[in-house]
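Below, chain A partners chain B and then partners chain C, in two separate complexes.
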Partner chain A sequence: MMRSLENELKECARKLLTEKKVDLIIGYSKSPLPLRSTPCFIREEKDVDSLIFDLTCSNNLATYLQKSKCAEHRKPNTDPTVRMENRCKIGIIAKACDARSIVQLILEKQVKKEDITVIGIACTGILDLKKVSDRLNGKEILNYNPQDDEVLFEGKDFKKALKLSDILCDSCKTCLNPDPSVYDSFIGEPVSGAKTEKQEPMTELENLSFGERWEYFEHEISKCIRCYACRNACPLCYCEECVVDRTNPQWFGKSTEFSDTFTFHITRMLDTAGRCVGCGACIRACPTHVDLAPLGIKIEKEIKERFGYTAGLSLDATPPMATFNEDDKEEFIM
Partner chain B sequence: MSEHRKPNTEHRNWQPKIIAFLCNWCSYAGADLAGVSRIQYPPNIRVIRVPCSGRINPIFVLKCLQNGFDGVLVSGCYPGDCHYISGNYYARRKFAILKTLLEFIGIEPGRVQFSWVSAGEGEKFAQVVKKVTDDVKKLGPAKRFVKRV
Partner chain C sequence: MAAFKIKKKRLKELIDSLTKEYRVFIPVESDGVSSFKEVTSDSHLPTINSHNTDRPPKEIFFPQTETLFTYKEGKISPPEQPNTKYRTPNTDKIAIFGASPCDVKSFSLLDRLFGMERNVAKCSGYKDAYWINRRTNALIFTIGCNYPLSTCFCNWLNGGPFTKEGSDLLLTDIGEDFLVEPCSQNGEEFIKTKGLPIQKAAKVDIKRASTVRKEAESTLSEPVDITSLKEGLDTLWDNPVWNEIAYKCLSCAACSYLCPTCYCFDIQDERAGNARGKRIRVWDSCMFSLFTKEASGHNPRPSSKERMRQRIMHKFNYFVENLGDFGCVGCGRCIRSCPVNMDIREVINTIKNVKLTISNEK
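Take a look at the complex of A and B:
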């Protein structure tokens, strides 16, 4: 089944390139490492065959609309005429969460809708490598083979099947909108929306006392080494100069001192409030597995409750933090 | 700066340090009125005047907590009274999210408080400061978010 999905995908990409509808396709290709895929940038028809799509395609490709070379012509400091000439049309392969990020980028006027061709793809979730590694006691995996609701992992001297539901990312297991919200063409069959409630993993933390919650976050955030992988993986962290990098004024200390680190994470979460689509790219990018999810989910929940907005679902929406309603609730203000 | 960083916890007569961000057009004038009218209120606040409550970046609040303030008060014009028409409406949305997140990570609700005080409300300003000071006194010195240097 996966094979035919890939064939359909290659066909679609090839067609877009031959008909010169796009100059560039952003997709996934095989990585030398097992259980990994790597983003690839295809400009020529002959390279289309390297495209893949499977359980390992974890990057949020919308990030590259902003952070790759093809984004350079959009920089405000380039001559506008040059910008128009170099404007390249991009075809991008988008899972549901990538598509939501693209919607946000269009809403925030970071990319032009007419420059982007979205190839939506049916996604049933992607692997959480930490969960896999934990369940295989960190043994080296050489090959894997997805079956219906199981994945067979093979290593040097072992073979083990793991249940798919045990090794999918949390953000996939609780995904409420598994089909792309916008697309120009769609690959595969739409995935039905019957999934577990998104906020489920959170309630536990919310029922704790202030002190216990603080302890939880103190433990989690202490693991952070300030590599900024979370920021770099995030499709919506696209500021030319990040506030954390500023030196005048210097808002954040540069060490891994706890309060500085936590201030950075809180600030990032507040900056993405009402824009974060919950793709989990920051969490997957983290080398030390800091659990940032509760912060994001909490804000997402609050935004939905207060302002009735979920990020990335519609191109006609107004981002909630860029507007207001005279009747917004203000029960917390004296 | 250094004196804010180390609250004197052992001292029996510990007094909280509270920072107050007041908007130029309403709350700052309200504070002025309280002073001119000789209304008594606790001397624990340090005032920073800002052009509008919309000027307040959540980072300001985080930095204050980090640098050792025991409480933060943010005050602006009533909705509809903003000198810049809509600054406080946007601010209200920001504050709602900030407040939720701070409470979620375990900062006690009394530490960071928000209020609307108009230029004519000297009495209300005094009451707000009294309430914030009392709340923060009950909570004791801030320890959780303070930068450990």
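Take a look at the complex of A and C:
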């Protein structure tokens, strides 16, 4: 089934390039590591066959639509017959969460809708490599083989099948909108109707005491090494100069002193409030497994209750932080 | 040199005896990340994975943050000792138990840079008191890698899962025991310590170790020849290949902060109120847009292309030029930790191919 999905994807990408609807396709290709894929940038038809889509396509590709990232690739094709306007037209492969990020980027005027062709793709979830590794006691996996609701992993001296539902990312297991909210073409069958295990996103943070919450923050944030993989993998962290990078005035210390690290993470969470689509790219990018998803989920819930808004679902919506409504709750203002 | 062996069950005794004279660091796993932590009274045994840890032991000698001094109303004082993670930079001797051969090689490489006397052909001429103070008299117990990972490529860089460069003692896992081979004068002397839970190794132990090593070496993929990589890079400064390599890079520092040989740092003053504060030395990364940005606002490395070129050039060209070896030990951490799966082995191959194309054209 995966094969035909990939064939459909390649066909679609090929068509977009031959008909010169796009100059560039951003997608996934195989990586030398068995459980990983890698973003790829395709300009020519002949390279279309390297596109893949499977359980390992974990990056949120919308991050490459940002102006600062991948500037060279966003340059228009130099052949003037290819494109009249001085802009590069991009085709981008989007899982549901990637599509929601693209919607946010369009609403926030970071990209123009007319420059983007969204190739929506049916996604049933992405592997959480930490869960896999924990369940296999850290043994190195050399090969994997998905079979219905199980995945078979093979290493040097073992073979083990794990239940798919045990090794999907939390953000996938609790995904309430598994189909792309916006797309120009759609690859595969919509998943919404399919039988997948769905649950309300956990709001475990709410049930903790203040002391326990602090412990949780301390535990997660003290693992941080300040590499900013989370920020840089996030499609909605696009400030031209991040507040932690300001030098005049310098707001943040550069060490892993807890107060600085903590302030960075909390600032980032607040900055993405009402904009974060909960794709989990930040968590997957982190080399030390810092996981602040419960806080993100809590913020998302708060935004929904207060402003009736969920990020990235519609191009006609007004983001709550970009508008003012007389009825907005303000009981917290003294 | 004579070989010894130690029962795995008795490792704790060995580590306990080390703690009398040394601050001992061992690999420990917490929250799915393995790194080196100091042995404290309540800490447990080392986590021995037969391959390298997620975080390299570099931070033991070169911590992410180093307080150089504190200042208060015009007066400068040395850093307050007990508050920092790696206290007492110049008193206690350090022992590392269970480092991988690649990481131990990285100590030798950084020794050349930070000015330890090690009889090497090339060194920086600079002497770094912080590195030297911690490194002097440090005792390194290396554990060879019975199971190198698929991301390991130490064999491209004159290394291997059991190389001894930089080690004082090399341990090989041979089942119930570790074969222990002293490989430096310090190691020889340590082994003479009275009351160690070790015994002389028998011929059969040495034979078993040799089998284990051969097996481990055979699992590594065929090395790519990089002897002329430095010369190749000399010609590639302006080559468009850097765009091709850099386009997917997100400019985070996962690769360089987890690299055993990356050593770039920044010096910062952290004010704590009026006329008070401290000066710190803190890791920096060439992947950051802020790296080498000048006070005027000019940035000589404005995009990921220039920064990626810097990283590759530094490791495979400048390091060779200045310190006589590649600034990479093939540990594979950058491959494992990259959020977009950049693979430095592919980068090397891409560069080699560009060079080939160019020389063919000529």
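Here, the second predicted complex is superposed on the first by the 303 of 334 C-alpha atoms of A that agree within 3 Å, B and C clash if a C-alpha of one lies under 4 Å from a C-alpha of the other, contacts with A are read in each partner's own complex, and residues count from 1 in each chain.
Rule of thumb we're sticking to: a residue touches a chain if its C-beta (ideal position, glycine included) is under 8 Å from a C-beta of that chain, and two chains touch if they have at least 3 such contacts.
Computed from a predicted structure; not experimentally measured.
Visitor: One more residue to check, A:295. First (chain B), second (chain C), both or neither?
Guide: first
Visitor: So, does A:257 touch the first partner chain B, the second partner chain C, both, or neither?
Guide: Once the two structures are laid over each other on A, A:257 reaches both partners.
Visitor: After the superposition on A, what does A:270 contact: first (chain B), second (chain C), both or neither?
Guide: First partner only, chain B.
Visitor: Just to be sure I read the superposition right, which of the two partners does A:307 touch: chain B = first, chain C = second, or both, or neither?
Guide: first
Visitor: Figure out whether A:146 sits in contact with chain B (first) or chain C (second), or with both, or with neither.
Guide: In the superposition, A:146 touches no partner, neither chain B nor chain C.
Visitor: Check the residue A:243 against both partner chains and state whether it touches chain B (first), chain C (second), both, or neither.
Guide: A:243 contacts chain B only, not chain C.
Visitor: Identify the partner contact of A:319: answer first if only chain B is touched, second if only chain C is, both if each is, neither if none is.
Guide: neither
Visitor: Would you mind listing the overlap between the chain B footprint and the chain C footprint on chain A?
Guide: In chain A, residues 253, 257 are touched by chain B and also by chain C.
Visitor: So in the complex, which bits of chain C are touching chain A?
Guide: Where chain C meets chain A, its residues are 29, 31-33, 49, 51, 54-55, 64-65, 147, 149-151, 219, 243, 246-248, 250-254, 257-258, 266, 268, 270, 280, 282, 285, 288-290, 293, 303-305, 335-337, 339-343, 345-346.
Visitor: Which bits of chain B are touching chain A when the two form their complex?
Guide: Listed in rising order, the residues of chain B that touch chain A are 58-59, 62-63, 66, 79-80, 86, 89-90, 92-101, 103-108, 113-116, 128, 131, 144-149.
Visitor: Quick check: in the complex, which residue numbers of chain A touch chain B?
Guide: Spelled out, the residues of chain A in touch with chain B are 206, 210-215, 217, 243, 251, 253, 257-260, 262-263, 266-267, 269-270, 273-274, 294-295, 298-299, 302-303, 306-307, 320-321, 324-326, 328-330, 332-334.
Visitor: Sort out for me which residues of chain A touch chain C in the complex.
Guide: Of all residues in chain A, those touching chain C are 31-34, 36-41, 59, 63-64, 68-73, 130, 133-134, 138, 140, 142, 156, 223, 225-229, 231-233, 245, 247, 253-257, 281, 284-285, 287-289.
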